[in-house]
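So, here's a batch of structures to check.
Look at the two complexes coming up: chain A is in both, with chain B in one and chain C in the other.
Right, the complex of A and B next:
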C-alpha cells in the first residue's frame, strides 16, 4: 500500500472510529444515528434478505444512463465548441454560473413534460453532469501543444481524425477527471430527484425511511450509495494513475 | 546540374494585424532553390522568420505573396505527399509507445499490415531504438524522444525532410551525435533535407549549402556552398576550411543579429 493510500485509509478509518465512539458514548443518540457497526450489520441483513434490489437496480440504471449520456454529449460538445471561439465566448458566462441554477426546481416542469417515469430523474442527472464534462473537456483541449496539432496536419489528418487520434488521447487524464465529476453529479441528480418526487428507487426509499424514523433502512442505503460511488471513483482513479504514470506525470 | 525539388519565388509572409495594430512583415521577399537530394540549411538571427519559412514549405501556412513549388506542384496550405517535418518541440505522443509512435507515421498510408510492420521495425532498428520499442516517451531521454520523432517522419519515406531546429533542446554532445545520425539517414534515404538552425557549427557541419537570412523581414543575404563530400560525419569540423565557413557565416550573421538587438533596444 502506498503512503498516500495508507493516509486515505487512515482518515476514513479514523472518522468511522470517531463516529463509533460518539454513538456508543451516547453523544449521538440512537434515534439520530446508530453506530457504524450496526449500519454495516443492517446493510448485510438487507442484502441477504434481497430487500430493495429492484430499487437499487433502478437507481443504478438511471445513474448509469444519466452519466453515460452526459459524458458522451459533454465530450462531443466540448470538442466541437473548442473549434468555435465565438460560440465558446458566448457560452462561457453560462458555464461559469451554471451551478448556481437550482436544477431541482425544474423537476415538476420536467414531470409535466416527460411524465412520471424515470425520464425527469435521468434528465436532472444529465443536466447536473453535462456542464462539468464540457468545461473539463475544454480545459484539457486548451492544453494540447501546438506542435501536436501541426504533427496531425503533417500526417494529413482531418479534424475528426485529429480529435480522435491526437487531441482527445492527449486529454485522456482530463477526460477521466470529467468522468469522475459526471458520475458524482449523476448520483446527486438521480438520487436527489427520487427524494423529491418518485415512487421507487434508492432515493425514494431513503426518504420514506427518513419520514418513518426507520434508521435500519435509511443508513444502510446511504452507506450503499457511498460504497457504489467510492468503488466507481476508485476504478477511475486507478485508471487515471496508470495513464499518468505512463506519461511520467505521477 | 541537379534539378530543383523546391522553389520559392518572391515568397513573402505578412501576419495580419491584431485589433488596432499593424501587420507583421515576417519574411521576404525570398527566392530559394533546393536541389533534389541535397542537405540545405538556413541560419539567421532570432525572429527572422526561419520557422515561418519552414512552415511555408511544409504547407502548414500559406504565403501572402509569391509562389512555392515542390516537385513542380504549387504548395498552398496543404502538406504535400512526400514531405515530412521534425519539429524542435517534443512531438512524441505520450500515450503511445515507441513502436506505436513510429507506426503513426504510416496510419494515413495505404500499405498492408505486414509491410507496415517491416518498415516500422526497420526504422526502429535504424534509429537504435529496438530495445525501447515497447517503452513510453516518458521513459526516454530528450535525445531518444527526438529520435522517435525522426523515426516517425522517415518511416513514411518522405522525399523532403524538413527539420525545424530539431536538436535545439539537446545538449552539445547529443547534438553532435544526432548530427551524425541525421547525416547517416540522409545518405541512407536519399531524401532532400532542409534544416533550420541557429547553430552555425551545426549548419557548417551538416549542410551542402547554407543560406544566411537577414533580420526581420527575413531575406536571403548570403548563400554558402560548403563543398563537403557526401560521406561525412561530425569529424568534418577538423577540416581546415570548416573554420572559414563558420567565420563567413558569423560575419554576415553578426551584422544581422546586431540589427535585431538594436530593434529590441539591446544595443551592441
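Right, the complex of A and C next:
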C-alpha cells in the first residue's frame, strides 16, 4: 500500500515538476500559463486577502443545494420506483440514455424560462445528479437478500419501517456511491453553468478572468476548484472502501 | 409468450417517448409562448432551419470537431487502458487518479485549452477529447484486468510477442467491456465538444445555441436543443443495443 502511495505521489510530483520546468524554460510562455509555484503563491494571496469569498460561498451553497435536493429526491424516487416494476421498465430506456444527453444544452432554455439567477444553475446540477442517484439506489435495492425481506414480513413491518430499518441500511454502500456521484455531478453542473453564463460564482469569475487575460486570478481559482472536487471525491471514495472492507466485499 | 417478451422493451420505449412528448406539450401549455414552443412548432422550425445554408455550416463544423475528438479519445483511451491494464502497479496507482479526474468540472480547464490552442476548431477538439478519453481508458483498463488468467497464460506458453498478444488474445477477450467504454466515451466527447462551442466559439451548434440566447430566439434554442438530444439519444440507443448483444451474445 505504501509503495502504491509513493508511486502516486511520484506521478503527481513528476507532473508538477515537468510543468514548472516547461514554464521556467519558456516552452510554455507566461501568457499561456504561469509556473505552478506562482499559481500556488497567487492562491495564498487570494485567500489571505479574502478575495472572491462571496463567489466561492455562493458556488458552494448552490452545489450543496443541487446535491442535497437531487440526493433526497433520488433516494426517495428510487425506493418508490423499486416497488413498481412496470414503471421501472418504462423508465429504463430513459436511464440508459440519460447521460448521453448533453444536459448543458438545456441551460439556455432554462435561462429563458427562469431568468439569469441561481435557479437554472441549481436545476442543471440537480438534473445531472438525480438520475445517478435513482439508478444507484435501484441497483442497491435489487441486491437486498430475500431472507431479509422475509424477516421484515415475519415481523410485520410496514413498507416504511422495512425501508428505514432493513433495506436502506443494507444499501448503505450504494447510497454512499450515489452520494459520491451526485456530488461530482452537482459540482460539474453548477460550476459549468456559471462558466457558460452567469453573473457571479467561481465559474463566472474564471471565465471573466479569462476574457481579461487575468492569469493571476484565473489559475488560482481553477486550482481551488480542482482541489475542492478532488478532496470531496477522495474523501467519499475512502469512506466507501472502508464500508466495503467492513462487509468483506473488498 | 416469446413474442411478448421480445416486444416488451420496444413497447416500453414507445410509451416513454410518447410520455416525454406529452410532458413537453403540457409544460408548453403551462409556461406558454413566452419561453417555450410546442413539440410541433419546434419540429416545424427545425425543418425550416434545415433549409438554410448557415445551419449546415454550423452542423458540419460541430461534426468535424466531434469526429476528430472522438478519434483522439478512442485511440488515446485504448492506449492508456491497455498499458495500465497490463502493468498491475501502474494500474492500481493511476486508476483512482483517473476516477478523480473524471469527477472534476472539466469546463474550468477550458480557458487553459483556449490559451494553449487559441479559439478555433483545435480547442474544441482538445476539449471534446479530454472528456471522452478517461471513460475509454477506465473501461479498457478494467476489461484488460478482468480477462481470464488462463487466456494470458496460454499466450505466454505460446511465447506471443506483446503486440500479437494484444491483437490475438487481449483485445478479443476484452471487446464487450471496451465497447461499453466506447459508448460512454462517445456521449461524453459529444457533450465536451458542444460545451466547448457554448463558450468562446464562432461556429458550431453550441455557438448557435448561445447566440440564440442573446437574440432571445426561443425557436432556435428549442430546435437546436431538440436536435442535439435526438442525435445523442438515437446513437446511444443503437450503441446500447450492440453493447447488450456483445455482453450476452
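Note that the second predicted complex is superposed on the first by the 239 of 250 C-alpha atoms of A that agree within 3 Å, B and C clash if a C-alpha of one lies under 4 Å from a C-alpha of the other, contacts with A are read in each partner's own complex, and residues count from 1 in each chain.
Keep in mind that, in the parts below, a residue touches a chain if its C-beta (ideal position, glycine included) is under 8 Å from a C-beta of that chain, and two chains touch if they have at least 3 such contacts.
Here the structure is a predicted model, which means the values were calculated and not measured.
Novice: Determine, for the superposed arrangement built on chain A, whether chain B and chain C clash or fit.
Specialist: They fit: once the shared chain is superposed, the two partners occupy separate space.
Novice: Report for A:154: first if it touches chain B alone, second if chain C alone, otherwise both or neither.
Specialist: first
Novice: By the touch definition at the top of the document, which applies to A:243: first (chain B), second (chain C), both, or neither?
Specialist: first
Novice: With chain A at the apex, figure out the C-alpha centre angle toward chain B and chain C and round it to a multiple of 10 degrees.
Specialist: 100
Novice: Please name the chain, chain B or chain C, that touches the greater number of residues in chain A.
Specialist: The partner with more contacted residues on chain A is C.
Novice: What is the contact status of A:145 with respect to chain B (first) and chain C (second): first, second, both, or neither?
Specialist: After superposing on A, A:145 lies in contact with chain B but is clear of chain C.
Novice: After lining up the shared chain so the two structures overlap, which partner does A:169 touch, if you call chain B first and chain C second: first, second, both or neither?
Specialist: first
Novice: Contact-wise, after the overlay, does A:230 reach chain B, chain C, both or neither (first, second, both, neither)?
Specialist: Touch status of A:230: second partner only.
Novice: Which holds for A:212: it touches chain B only (first), chain C only (second), both, or neither?
Specialist: neither
Novice: Minimum Cα separation, chain B versus chain C, post-superposition (Å)?
Specialist: 5
Novice: Across the complex, what residues on chain B touch chain A?
Specialist: Touching chain A: residues 55, 58, 60, 79, 81, 83-85, 87, 89-91, 93-95, 104-105, 107-108, 136-139 of chain B.
Novice: In their complex, what parts of chain A are in touch with chain B?
Specialist: Contacts found on chain A: 145, 147-148, 150-151, 153-157, 165-166, 169-170, 172, 243, 246-249.
Novice: Flag every residue of chain C that touches chain A in the complex, lowest number first.
Specialist: 8-9, 12-13, 15-16, 19-20, 31, 35-36, 89-90, 92-94, 96-97, 99-100, 102-112, 114-116, 184, 186-187, 190-191, 194-195, 198-199, 206, 209-210, 212-213, 216, 218, 221-222, 224-225, 228-229, 232-233, 235-237, 240
Novice: Under the definition above, what is the set of chain A residues touching chain C in their complex?
Specialist: Counting only chain A, the residues touching chain C are 3-4, 7-8, 11-12, 31-33, 89-94, 96-97, 99-102, 104-109, 111-113, 180, 184, 187-188, 191-192, 195-197, 203, 206-207, 209-210, 218, 221-222, 225-226, 229-230, 233-234, 237.
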